[in-house]
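Okay, so chain A shows up in both of these, paired with chain B first and chain C after.
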Partner chain A sequence: MRGYASFLAARIRVLLQYRAAALAGFGTQLFWGLIRVMIFEAFYRSSTAAQPMTMDEVRSYIWLGQAMLILVMWGPDTDLRDMIRTGGVAYELLRPLDVYWVWFTRCLAQRTVPLVFRAVPMFVVAGLFLGLGAPPSPASAVAWLGATLAAILMSAAFATLISLSLLWTISGEGMCRILPVICWVLSGLIVPLPLYPDWAQRVIMALPFRGLADTPFRLYLGHILPSEALPAIAHQLVWTAAMIAIGRLMLARGLRRVVVQGG
Partner chain B sequence: MAAVTVEDLVKSFRVAERQPGTWGALRGVVRRRYRTVRALDGVSFELQPGELVGYIGPNGAGKSTTVKILSGILVPDSGRCEVLGRTPWRERVANARDIGVVFGQRTQLWWDLPVVESFELLRDIYAVPHERFRAAHAELVELLDIGPLLDTPVRQLSLGQRMRCDLAASLLHSPKILYLDEPTIGLDAVSKLAVREFVRRLNRERGVTIILTTHDMDDIEALCRRVILIGSGRILSDGPLEALRAGVTTERRLIVDLADGTGPFESDGAEVVHREGARVHLRFDPALVSAPELIARITSRNAIRDLIVENPPIEEVIARLYGEAGC
Partner chain C sequence: MVETLRLYGRYIGASVRGQMQYRASFVLMSIGQLFATGMEFLGIWALFYRFSSLVGWSLPEIALFYGMIHCAFAFADGFGRGFDVFPSMVKTGDFDRLLVRPRSTVFQVAARDLQLMRVGRLTQGLLVLLWAIGALGITWTVARVGLLLAAIAGAACFFLGLFVLQATLSFWTIETLEICNIVTYGGVETAEFPLSIYRTWFRWFFTLVVPLACANYYPGLAILGKPDPAGAPELISWLAPLCGPLFLGVSMLVWRAGVRHYTSTGS
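And then the complex of A and B:
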């Protein structure tokens, strides 16, 4: 365990160097958040039907989405891609460590550091000026925190799957362009999930993606009651475990075909 | 018990063949053609603990493939392999604790971190107890003279500095076996000597079993008593360096510096390899004419200033061996 923990700490130290990128990301997300809030305000004003979420809830939901966006925005891990391309990946196998958990740890650091960099200022700015409300009760806040931790794990497991796909595709560009879009739609980052038609919700609720955004956001809003938090978090964790299992299978198969070239 | 046992190891790779031209590329999409390359074709050898063996061969001979199988990265198609009694690819993690590997062309240090942090990370990864780590760390820092480099990020090190740090990194967990894959590649003369001296001491004083892969014949001559030569996936020879040399050729070299650089030169019983001004390189077979005899003949006919007798350069021996093996 100590090996993985040190590895995580080292990755975090490296990633802490990328503060400018985080600042730029924060600016972009603020801008898009404002646009999305305006779009929904226009919708709500022009509609007379009763909606499953109030506009205040939608506003908070959007700002939470902007704060946590990095969990659903996976870029290819360029270090890892270079390692696979040049064969440096062999060194990973020289360590007395389980390669899956090493990669998972990488991805975990890769999610966590930018998340903190972007989420904290977003909470401050959106909370003070842009209508992000506080959770209705301490219980909701605790449930939200738990679900957010589970979402980070899920995001890392997802990112690990994407990294693993590099063993087949080498570049990973395609995966990294298509997958996030699908995830944005299905996790609630484009339109909050409660606003989807009932038939679509039934499918989406079973899929893993809502665990990345919708689950923690609705716990925050109290839209999912704290008493219903356990099954919601269990849904996240079961899917995370499934992704880890799939990832380990992929790795076992992938390593068999990795031919580390050289005389 | 042998430190490393390799028996009849076979490993082949499938390489996709591209056909030339646009039409070929299109056909390749529908139907790929593969060619099988036998990287290892029945390799066997055994290393005793404390041995330092040179593992040489031309590019693509199967050297790195062997090292990768020994470190558990690659799984062979068939054959048996034991490192300290373990099969590397079945017990990769346990095997990894007992071996150290240095690839000259790559670094195992973390590019963005200062050297010392890479070392501490390795300590945790290999779960080296703090006491033992401190001792190993202090010893390696002194032997390799890397004290002043410890706080520098790896990306700012020169190649020679990086290689010394890489050597230290591979030894922090006190492995019993060390694989060195071209450790002197690209290094300047001073760094090469430092690396060689370190490897020699490591082997003599600490008894670390070392497999050294290299194209640098000076490394081999300086370090290895035993040399395993591999070509096209087969072992061509295995034994002392001198036996290898004798097996290829018994010929010797004579270098003559003439007093008069422009005059004619006559020799009897030796063949002129090439001549640059006053210096003439000759080769001769000591079975036909002994060195004193040849020198007597030459001095009787030419005015000379200096003479050197030497063995054919090891590079030439190796090149000839490669040629014979059809590599």
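And then the complex of A and C:
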């Protein structure tokens, strides 16, 4: 356990170096959020029919999405890619630690640090000026925190899967491009999930992706009641466990055919 | 002029051959991009499915604006890639080498790279545009076809101009400015919808400060035969495509000022 902890700490220290980039990213995300809010306001102006979410809820949902964006933005882990290209991956195999969990820990750090950097200012600015409301009750806030932690784990499990796909494609473009887009659409970052057609809801709710964003967001809003929080978080955790299992299987198969170049 | 074009062909040929060395990767990236932008349009469709109209605009009308801007941006992004990666040239001092060659710096930066992968976005934009044209039932006069093509070309010039400006800034900042993405990528995102749906201050920003409105909003109005809800005269729609090349021209002048200001980082 101590081994993984020091991996996490080392990775976090590396990532802490990129504060300026985080600030620039923050400005960009603010702008993006504004565009989205205006688009949804226009849609809500056009229809008087009752919708599954109010505009105020959508507004908060969008800002939560901007705050948590990093959980659904995976690039290929370039360090890992270089390691696989150059054969440095052999060192990873020599360590007396389980490779899967080492890589999982890397991904976890990669999610957590930028998340904090981007989420905290977003909560402050959006909360004060842009209409991000507070959770309706302390219970909702607690449920949201729990679901957010589960979402971080799930995001790391997804990211590890993408990293593992590098063992086959090396450049990793296929997985790295297509998986995030599916996640964007089905996690609620493009359109809040309750606004998708009613006939699609059951499928969307069964799929894992909502655990990345929609589940914590709706718990925050009280749109999913705190009393229903446990099954929602269980849904996240079961899928996370499934993805970890798939990842371990991929790793076992991938390592069987790794050829380390000499030199 | 002919000689310049031939040289441009040589440069681009080298870039394309380079990219074709990784054919599978190229195909995957293009498909990925087609897929990415396609999924985004799915989101717009879902919203129309629920709300059925957007303050008086229908889905095919939105698709027209959407298709126009994505085609234009795909061209600009493909040809202007050199400017996108330009800040790293300033940082490493590679730009010094361009200064000693007997060709203009704009030419050399522009010719450095042609991103073939952008065919993914282009294909998706074209598909949406063609669907819009089919679904709208517009009477296509020569003038309207001309306006559509001119608008896409003009919008491509406009985005190229933005890339040039963004690259120019790096003469002063040395860094890549992610914040500039709000007018390039953010501009595309904004212009997927008619500008009239946004708040007033935002509309003014993208009309007067950054002339995005000329890229597809005003020409789109004339193609659809709709009056501007904000009351702009129709003449603007027909003049709007000229705005792009004009903007590109101004950007080039700013670029020249930037080059004069340039001092090598010495690395």
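What we mean here is this: the second predicted complex is superposed on the first by the 262 of 263 C-alpha atoms of A that agree within 3 Å, B and C clash if a C-alpha of one lies under 4 Å from a C-alpha of the other, contacts with A are read in each partner's own complex, and residues count from 1 in each chain.
The rule is simple: a contact is a pair of C-beta atoms (placed from the backbone, for glycine too) under 8 Å apart; a residue touches a chain by one contact, two chains touch by 3 or more.
This structure is a prediction, so every number in the text was calculated from the model and none was measured.
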Touching partner for A:Val238 - first (chain B), second (chain C), both, neither: neither
First, second, both or neither for A:Leu93, with chain B first and chain C second: first
Contacts of A:Ala134 with chain B and chain C, given as first, second, both or neither: neither
First (chain B), second (chain C), both or neither touched by A:Val181: second
Chain B or chain C, by number of chain A residues touched: C
Which superposed partner A:Leu149 touches (first chain B, second chain C, both, neither): neither
Touched partner set for A:Leu230, first chain B, second chain C, both or neither: neither
Chain B versus chain C as contact partner of A:Phe7, first or second or both or neither: first
Contact residues common to both interfaces of chain A (with chain B and with chain C): none
Touching residues (chain side chain C, partner chain A) in the complex: 22, 25, 28-29, 31-33, 35-36, 39-40, 42-43, 46-47, 49-56, 175, 177-179, 181-182, 186, 189-190, 193, 197-199, 202
Residues of chain A that touch chain B when the two form their complex: 2-3, 5-7, 10, 13-14, 17, 86-88, 90-91, 93-98, 256, 259-260, 262-263
List of chain A residues in touch with chain C within their complex: 20-21, 24-25, 27-28, 31-32, 34-35, 38-39, 42-47, 51, 171, 173-174, 177-178, 181-182, 184-185, 190-191, 195-197
Residues of chain B touching chain A in the complex: 13, 57-65, 68, 71-75, 92-94, 96-97, 99, 101, 103, 106, 108, 110, 112-113, 117, 120-121, 124-127
